[in-house]
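Look for chain A in each of the two complexes below; its partner is chain B in the first and chain C in the second.
== the complex of A and B ==
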C-alpha cells in the first residue's frame, strides 16, 4: 500500500520519439487509477517507467514518498500483469506464482500459504499443477494476477490485461478485478484503451492523448465536464455530437460550418462572434418541439440495441451528422424528421482551435 | 491427403521398402562380415548370412589389442571417440548458448561487431585454418591430449546463430516478468531461458555429437600417441595396414561398433526433440 507520485515525467525513445512528456499524476494510497487513451498515446510507456522496465528520461517518480527513478523493477515493490500474460511456459501454475517469492528468499511455508490463499481468491485451486498451455485465456490471466498477488506488492500495475479475452469474459474479469481491489486495498494503476473499461473500473481516470495528459478526474467528471474536445469525443458511446461554427453577435445562435444553425434561449458563455465547437451527447437530446436548444434531425438510419435505440441522421437538411439515443425500442423511417431539444446544462462548448472547454 | 487407391498404396510401399533395403544392405553386409573369419570376405561368393566367429571377433576387437591399428583395443578407441564427441558437443553448446545470451540480452559496446565476427567464422571451418590452429595447439602444449582434440573444435558460429534466432523469439514480456520477479541475469538464464531452449539443445546435441564422433582429420593431426586414437582413425588405419591384406572381418566389426553411440544418441534425443516439437510452449 503506497502513494505514487509522478512529477513532470517524460520519455524519449531512441530516434527522438517522444512517447510521454510533462506527466504529473499524484495517486493516493489504495486508489484505482486508470490510464486511458487511444493506442500509441504513451500509456504503456508510463506504466513501464513506473515498473522500472523503461528508463526515465526526465522527471521523478516517487513510491511511498521515496524517489525510485534508479531502482530495479524488483526493488520497487510493484507487481505487473501483462496483456499477453507472460507466464513462464515451462513452469506449473504453482511454479509461476512461487518463482518471485523464491527469488525473494521467502520461507517455503510462507510461499505455500500465499499461493493457497491466492488460488482460493482466484478460483485456481484445481489448476495449480497445470502448465499455462493447459489453461484457457481467462484462467491464464487469473494466474498472472495470482503471480502478482502473492508478491503482496504495494502497487499493482496492469497493462491492458483483458484485451486478449472475449467480451463476456472481459466483463466478468473486470468485476473480479474490482472486487480484488476492494479486498486488497492496494494501489492499482490500470492501462486500457477501452473507455468502457476505464469508466467502470476507475476511481479516477487519467485520459491521455499524444504523450500528454488531457484530463484527470473521476469517471463522472470526465463524462459531465470534459476538459477538451478530445476528452468529450473519447468518453461516451455513441460519440458526442460536435458541431463547429461561428457564434452571432449575441452568442445566442451558432451558424454551423456544415450548414444550418442552432438557436439558444440564453447567450452561450463565449465571446460573441467566436469560432466554437459545440457538443451534445446523444443521450441528452430529447424529442420535443418547445424549449431551448431546438434542432431538427433528418433520419438516415437507426440502430436497435434493445434497451435503447440510436437514431442517426443529419442536422436539419444540412451535412452535419447528428445522433440521438432514445429509450426503448422505437421506430423511425429514413427521411423522417425528428424535432429535438437539449437543456443548457448538457451543452459543452469548446474553443474551435485549441479544443479547450469554454463553459 | 486422404486417398484410397490400393494399387498406388502398394506401389509407394514397394518403393519405400526398396529404398530401406538399399540403405540397409551395406550395414547388413558389415554385420554379417564381422561374424566370419578372416578369409570369408576375400572369397566369392560373399557370405550373406551370419558366420560362427562373432564372439571371437568382437571380444578380440573390444578387449584385445589390434596390431593392425597400433595395438589398441577398439574399446579404448571408442572411449576416446566418446570423450572427444561429448567434449565437442557439450563445449559447443555451452559456449554458443552463452555467446548468444550475451549478444541478445546485453547492450555492450561493439555488440553487433562481435556478432558479425562470430558470424564470419562460419567461413573458417577446421580444414581451412588447420595449420595455424595446429601451430597454436602445439604452442599450448596440447598435442596428444583430450584438450587438443576438443578445444579447437568447440567454437561454433552455427550454434550461436541458432540460439540467437531462438532467443529473439522469446517474448520481451517474459524477460520483464522475470525482472519484476527479482530474477537477475544468471537466474533468468538458468531458470527460464535454459529450460525453454531444451528442444533446441536436444536437436543441436544430435547434430554436434555426430559431427564430433566423425572427426577424422583433426584427431589424425594432433595425436601420435596410440592410446588417444579415435575409432574413426582406427578403421582407417586397419584399412591401410601396409603390406598385409586388410582384416575385413575386424574392420566391419569396428564399423558396427562405431555405429552404436550415434544411434543411441539419435534415439534418446529424438524422443525429447519430438516431444518438444509437439508441445510448443511459447
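== the complex of A and C ==
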C-alpha cells in the first residue's frame, strides 16, 4: 500500500519523439486510477516509467514518499500485468507464480501458501500444473494477475490487461478486478484506451491526449463537466453532439457553421459575437415542442439497442450531424422530423479555437 | 498439422522437381552406393582387379587401434568445436542484442569468417600459429608458452579446434541473435519486475527459451566438425603429429589416397554415413518432441 507521486514527468525517446511531457499526478494510497486516452498518447510510456522499464527523461517519481527515479524495477515494490500477459512459456502456472517469490528468497512454505491463496481467489486451482499454452485467454489473464498478487506489492500496474479478450469475458474480468481491488486495498494504476472500462473501474480518471494530461477527475466529473472539447468527445457513447458557430450580440442565439441556428432563453456564458463550440450529449435531448434550446432533427437512420434507441440525423435540413438517445424501443421513419429540447444545465460550451471549457 | 496443397496436374510437379532429383541421384545416391559396394571388396592400387571379402574391411577397421583413436579424437574435436563456437557466438549475440541499433555494422563484421573457405581459414591460422614465423606463436612465447604444434599433439588438436570453431562462430551468432530477438521483450521485463537480476534472467528465462536454437546448432556444429573440416586439417596439420589430429574424415582420405586402401577407405565412409544418418534422425525426433516448451 503506498502513495504514488508523479511530478512534471516527461519522456523523450531517441529520435526526439516526445511521448509524455509535464505529467503531474498524485495518487493516494489504495486508489484505483485509470490512465485513458487514444492509442499513442503516451499511457504505456508513463506506466513503464513508473515500473522502471523506461528511463525517466525529466521530472521525479515518488513511491511512498521516496524518490525512485533510479531504482531498478525489482526494487520498486510494484507488480505489472502486461497486455500480452508475458507468462513464462516454459514454466507451469505454479512456476510462473513462484518465480518472483523465489527471487525474493521467500521460504518454501510461504510460497506454497501464497500460491494456494491466489489460486483460490482466481479459481486457478485445477490449472496449477499446466503450461500457459494449455490455457484459454481468460485463464492466462488470471495467471498474470495471480503472478502479481502473490508478490503482495504496494502498487499494481496494468497495461491494457483485458484488450485481448472478447467483450463478454472483458466485462466479467472487469468486475473481478474491481472486487480484487476492494479486497486487497492496494494502489492500482490501470491503463486502457476504452472509455467504458475507464468509467466503470476508476476511482479517478487521468485522461491523456498527445503526451499531456487533459483532465484528472472522477468518472462523473469527466462526464458532467469535461474540461475540454477533447474530453467531452472522448467520454460517453454515442459521442457528444458538438456544433461550431458564432454567438449573436446578446449571446442568446448560435448561428451554426453548417447552416441554421439555435436559440436559448438565457444568454450563454460567453462573450457576445464569440466563436464557440456547443456540446449536448445525445441522452440529454428530449422530444418536445415547448421551451428554449429547441431544435429539429431530420432522421436519417436509427440504432435499436433494446434498452434504448439512438436516432441519427441532421439538425434542421442542414448538414450538422445530430444524434439523440431515446428510452426503450422507438420507431422513426427516415426523413421524419423530430422536435427536441435540452435544458440549460446540460449545455457544454467550449472555446472554438482552444477547445477549453467556457461555462 | 499443415494443410496439404493438392495439385490436379500430374506431370508438371514431377517435372519441376526432376532437376533436384537428378542432382541428388547422381551426386549423392550413386557415390554412396559405390562406397557401400567397394567397402566389401579389396582392390589393387591401380583398380585393375578386385576381390569380394565380405565384412573383412570392417573387421580390420575395428581391430585397428589407430582407427579407434581417431574416434576418440573426433569426439574431442567435435565436442570442443561445438562448445567453443557456440558459447562464444552466444556471448556475442547477447551483447549484440543489448545494443540492437549498433547491430547492423557489428553483424556484418561477424559474418565475415563464415564467408572464408575452410582451407583458407586453415591457412590463416597456420600462419598465425606457425612456430617459427607466426605472430600468435611469438606472443605465446612472450608469456612463456612454448608453442609447436608440429611436435606437440595436444597443441595441434587445440589449433584445429580453434580454427574450426572460429569459422563457425558467425553462423551460430546469426541463429542465436535471431533466437534472442524472437523472445518477447515483455518476458524479460516481467522477470526484471519479478526481481531477477540480468544473470538470473539469462539463465532462467532466455537460455531455456533458446533451447530449440541451441539444440539445432549443436547438431549442425557437430556435423560440421565431423564432416566438413577435412580441408582445414589438410591445410594446417595434415592429421599430425603422429595422427593426433587425424579425425575420421581425414582418415578416409589418408587411407584411400595416401594408403591406397580403397576398400578400407570405403568402409570408413560408410560408417561416417551411418553417423550422419543417426544424427539427422536424432535431430528431427528430438527437436520435434522434446525441446518444446
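Definition applied: the second predicted complex is superposed on the first by the 359 of 359 C-alpha atoms of A that agree within 3 Å, B and C clash if a C-alpha of one lies under 4 Å from a C-alpha of the other, contacts with A are read in each partner's own complex, and residues count from 1 in each chain.
Please note the rule applied: a contact is a pair of C-beta atoms (placed from the backbone, for glycine too) under 8 Å apart; a residue touches a chain by one contact, two chains touch by 3 or more.
Given the structure is predicted, the values throughout are model-derived calculations rather than measurements.
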* Do chain B and chain C fit side by side on chain A after the overlay, or clash? -> clash
* For A:38, decide between first (touching chain B), second (touching chain C), both and neither. => neither
* To do: Tell me which partner A:74 touches in the superposition: chain B (first), chain C (second), both or neither.
  => both
* To do: Starting from the residues of chain A touching chain B, keep only those that also touch chain C in the other complex, and list them.
  => 51-53, 72-74, 78-80, 82, 84, 86, 88-90, 99-100, 103-104, 131, 147, 151
* Structure fact -> In their shared complex, chain A is touched by residues of chain B numbered 171, 173-174, 176-183, 187, 191-192, 195-196, 198, 279, 281-282
* **Complex interface listing, chain A residues touching chain C** => 51-53, 72-74, 78-80, 82, 84, 86, 88-90, 99-100, 103-104, 131, 147, 151
* To do: Please give the residue numbers of chain C that touch chain A in the complex, ascending.
  => 184, 186-187, 189-197, 200, 204-205, 208-209, 293
* **Complex interface listing, chain A residues touching chain B** => 48, 51-53, 72-74, 78-80, 82, 84, 86-90, 99-100, 103-104, 131, 133, 147, 151
